[in-house]
Structures are given as structure tokens and as C-alpha cells.
Amino acid sequence: MEGRKLIVTIPLLLFFIAVFSVPPAAFGRKVAFPRKRMPKPCMNLVFYFHDIIYNGKNAANATSAIVGSPEWGNRTILAGQSHFGNMVVFDDPITLDNNLHSPPVGRAQGFYFYDRKDVFTAWLGFSFVFNNPDYRGTINFAGADPLMNKTRDISVIGGTGDFFMARGIATLMTDSFEGEVYFRLRTDIKLYECY
Amino acid sequence: MEGRKLIVTIPLLLFFIAVFSVPPAAFGRKVAFPRKRMPKPCMNLVFYFHDIIYNGKNAANATSAIVGSPEWGNRTILAGQSHFGNMVVFDDPITLDNNLHSPPVGRAQGFYFYDRKDVFTAWLGFSFVFNNPDYRGTINFAGADPLMNKTRDISVIGGTGDFFMARGIATLMTDSFEGEVYFRLRTDIKLYECY
Amino acid sequence: MEGRKLIVTIPLLLFFIAVFSVPPAAFGRKVAFPRKRMPKPCMNLVFYFHDIIYNGKNAANATSAIVGSPEWGNRTILAGQSHFGNMVVFDDPITLDNNLHSPPVGRAQGFYFYDRKDVFTAWLGFSFVFNNPDYRGTINFAGADPLMNKTRDISVIGGTGDFFMARGIATLMTDSFEGEVYFRLRTDIKLYECY
């Protein structure tokens, strides 16, 4: 009899698992998705990276350069209209604290461009590249960076090495900036898929 | 006895689940992957976005601008050879229907470039950015856009906020275009991984 | 009695599954992630692609072109300082072997840019686009390419068609190069998430 009860119980259990793991579909504009579960990250990491944009005078120190601009801009001074259309390639040092002169633990390599005319807003595609005893591998990122907001979330779209197949969210915060030449981003990485 | 039968049944069940969830490996050129299962989307969304390319005369209305071109091109007129090498940065309004003048529900922000000489073909990296009572968060996209095809599939590579950790497919359709200045894309988003 | 034993056994089983599926969280700089499991790929693919950069003289054969450069560069010759800041758009043939003249099975379409001043290093965003009886669909890639290394791992960030929702790792190897005009990359794709 107990066995029989179990036979009934297990399908029921599976049924409930099935029902509650399928999020409610949202069609068109109607959005009804109470967060089913807010998972815990499987990895938390905090880094800073430091961007020094080439401006025609700082070739020795610059870690990035303007490589594209709209017709009304050039490649030594960020354009008007909130730098709309300026594209920048960078190779920035990553540090564990907010000091530009701390020993770098890796490089942030990629590109960003400004994509709004009325307020400073960027879009980023880049990698954190690590090759030291503590970390070896890369974390790949992409997403929108409305940089006047205190925090901005972008996606961790993949990883290699120690960060094999990583997925997650990176929260960017502008930790400091000086004119239009230097800025420092704090990056809080939370991975929700680890292998 | 019933219980005993069950003890046998469960491992068998697990065994079958295991066997049928592992897709057959395909090596080299031999491809043998009968689609195991075509999952149902956990979220369906349909949006339109509208791109007005800066052409030297429409500064007030333009939502995008050419920021890169091959040596034989410039940044006010899309280049010959199917615009090969033209790179465009955009900040386009997103609407729920196909009317450019409908109230925008978000912004499509990112870049695309033309990457074929013999037929119009592009590659896109961008985000849908929402910040309203219905949706808050971003959806990030990347992929090839052979835009002469009626439909083209690109990848949803991540999401934040209401679209936390989203993955899926976006199907693009050119809904309308006017010369080389305006085009409208219908975007059918199907998410297959939701949290 | 057997049934009762089972009632005890199943929650225990679920408990162990739960415990061992949660990877250990790593906080801050402390990294402690013994690889829980190194999964087997669900798909292995090997391809070659061939890039011929436009240099002002090879318009007929070129498959790619410089579309962005730093202020100190131009769009017909790769810039000094390890080509830092040069951005290239490409539409390269994909072959099954290392012969440029083998029948192409698809196109590698996307962009790369050089992003280090002191050593040749690039960052790539691109798709493999297939449309033939063997493969139909796209695989999307992004990641850092420190191209002086023998092998470099980038991320498979998504896929469509036969590669629906793919995730994995692609290992790049420079198979050959001629001056600064031609290079050939071997790409070993291992997918760890297949549908």
C-alpha cells in the first residue's frame, strides 16, 4: 500500500516541478513574470579598470584611442552631441582596488561607442583577460552602458579557462573620471552559471 | 512488491532521461543531429524599431550615423559594393506597432556594419533598453543579418533586469524601408531560457 | 516496508543532487573553484577560414577591409604599434581543409580590431553562416584573440538553425599567414550546450 501511495506521489511531484519550472509566457505587451527565483551567484568578483583616451598629447600613457567617428567628428577629440558615434578601442589595466598604479591583474580589452545624442550613453563589447597564478582565462561581456546612471548592468556572455562557459551579470559603476581623458570603472561580476 | 517494482523503475527512468538528453556528438563534417526536442519559448515578445541614417541633411531626425567606412567610402553616403565596410551606430526608438510615430517603449542601441560586397548583408550587436512600468531592463543581441532574406535569426546573448540571464532567438523582418535612409525592423523575440 | 525505504531514499537522493550541483562560491580575489566537472562536448566541429585584407591593390580578391583606424593610421595599411586601433570588417570563406581554393561550406562574417600596442592582439565578433545541405544556420562568436599564442579560446555565444541556442568554446589557431595580407585560422568548435 505504501508503494502504491508512492506511485501516485512521484508523478504528482514531477508535475509540480514541471509546472513551477516553466515561467509564464508573456505575449506581446502583456508582461506577467513574477521572478520565479532569484538565484544565488556561483561566483562573485570585483575589479576596477582604467581607461586613458588618446587625445593627441598623451601617446605614452593612453590605453585607448578613438577609431571611428561620425562625419562631424574626428579621432583626437570626442565629438559633440554627447560623443554620439565615437568608437573607441581599449586595452586597459585591471586592478583589484581603485588605484591606477596598483599592480594590474589582467587587461580589459575591447571596444565601446557612444550611441546617444542627448545624454552620455555607450555600448560595450570586451573581455577581461587574465593570465596569472590566481586567474587564467577570459570573461566576455556585452551590453548597454547608460553611463550617467549610478549602476548599469551588462551581460557576461561567455568565458574560457577558469571561467569556462560563464554566464552572468556585471554591474558597472563609474568610480572616478577626470575630464574626458581618464575614467575608472568598478565592475561587480556575478556569475550564475559556472561549470 | 509494488515498492520493489518501483525501485527498479526509477533508475530505469533516470537512465532513459540521461540517454535521451545527451545529443549525439557530431564530429568533423558528419552532422547527425536530429533535433532532440524543440522547446517552447518561456517568453514571446514582438517589437518594431526604426532606423533613420544620417545623410548630411537630416541631422534633426537621424537616429544613426555612419562611423566607419572602407577606404573607398565616406561617412555621409553608404558606400558602393553593397555598402561593404560601412559601420553604423544607432539609437533607434522601439514601438509596439509599425508606426514610427507611436510612443516609443524603449530604445534599440548598438551598431551594425555591412559585410558583403555582392549582396546587402549586415552584422548586428545591440541592446533593447527598457525603462518603463511594463518593462525594465535590457536584452542583448548579436548575429548575422542577411537582410535580403525575408526572415533572419540572430541570438539573444543575455539580458538584465526583467530579462535577467535571458537567452533565445530573435527573428528579424524588414517591415519597410525608404531609399537608403529609413528602415523598420520587426523583431520577434523568443526566449528559451528565463529565470 | 520497501516502499517506506524508498520514501526515505528519494529525498536523500535529491539532497545530494542539490548539494553537488551548486558550485562553490568564490568571493573577491579568493579563487577556489576546483573544476566540478569538465563536461564532454555535445558537438565537435573543425573549420578553416581565410582572410585577405584589402591593401589598395587587391580589390578583386580581398575578403576584408580596414574600416576604422586611430588618428595615426589609415585604411589601406595596418597601423604601427601592433596595428592598435585598426578595425576590420570581413566576409571570409570557410573551408573544411586548409586549402583556400577548396569549395567553401559557409562564410565567416564579422569584425575584428587590434587592441594592444606592444604585441599583436585582436578582439573578434563574428558569425559562421551556413546554408547548404549539411549545415543550415549560424554560430555566433565573441572574444579576445591574443594571436601570437599558439591557441586562443573564444566563446560561442549563441546559434540559430541547426545550431539553435548553441554555447561553447572555439579554439583558434593561426594555420598560416603571408605578410600582412593573408591569414588562415583553424577553428575547433566544441559545443557544450546543444538542443
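In order of appearance the chains are A, B and C, and numbering begins at 1 in each one.
Definition applied: a residue touches a chain if its C-beta (ideal position, glycine included) is under 8 Å from a C-beta of that chain, and two chains touch if they have at least 3 such contacts.
Since the structure is predicted, the reported quantities are computational estimates derived from the model, not experimental observations.
A.B. asks: Regarding the chain A and chain C pair, does the interface count as same (over half of residue numbers shared) or different (under half shared)?
C.D. replies: Counting which numbers both chains contribute, under half are shared, so the two copies meet through different residues.
A.B. asks: Since chain B and chain C share one sequence, what rotation angle in degrees maps the C-alpha trace of one onto the other, as a multiple of 5?
C.D. replies: 120
A.B. asks: Can you compute the centre-to-centre distance for chain A and chain C, using the mean CA position of each chain? Integer Å is fine.
C.D. replies: Spacing between the chain centres: roughly 18 Å.
A.B. asks: Could you check chain C for residues that touch two or more other chains and list them?
C.D. replies: Answer for chain C, listing residues that touch two or more other chains: 1-4, 6, 10, 67-68, 87, 125, 142, 157.
A.B. asks: Given the complex with chain A, which residues does chain C contribute to the contact?
C.D. replies: Where chain C meets chain A, its residues are 1-4, 6-7, 10, 22-29, 31, 33, 35-39, 67-71, 84-87, 113-117, 121, 123, 125, 142-144, 146, 153-157, 167-169, 192-193.
A.B. asks: Provide the residue numbers of chain C that touch chain B in the complex, in ascending order.
C.D. replies: 1-6, 10, 40-46, 54, 56, 65-68, 74-76, 87, 89-91, 96, 105, 107, 109-111, 125-127, 129, 134-135, 137-138, 140, 142, 157-162, 164-165, 194-195
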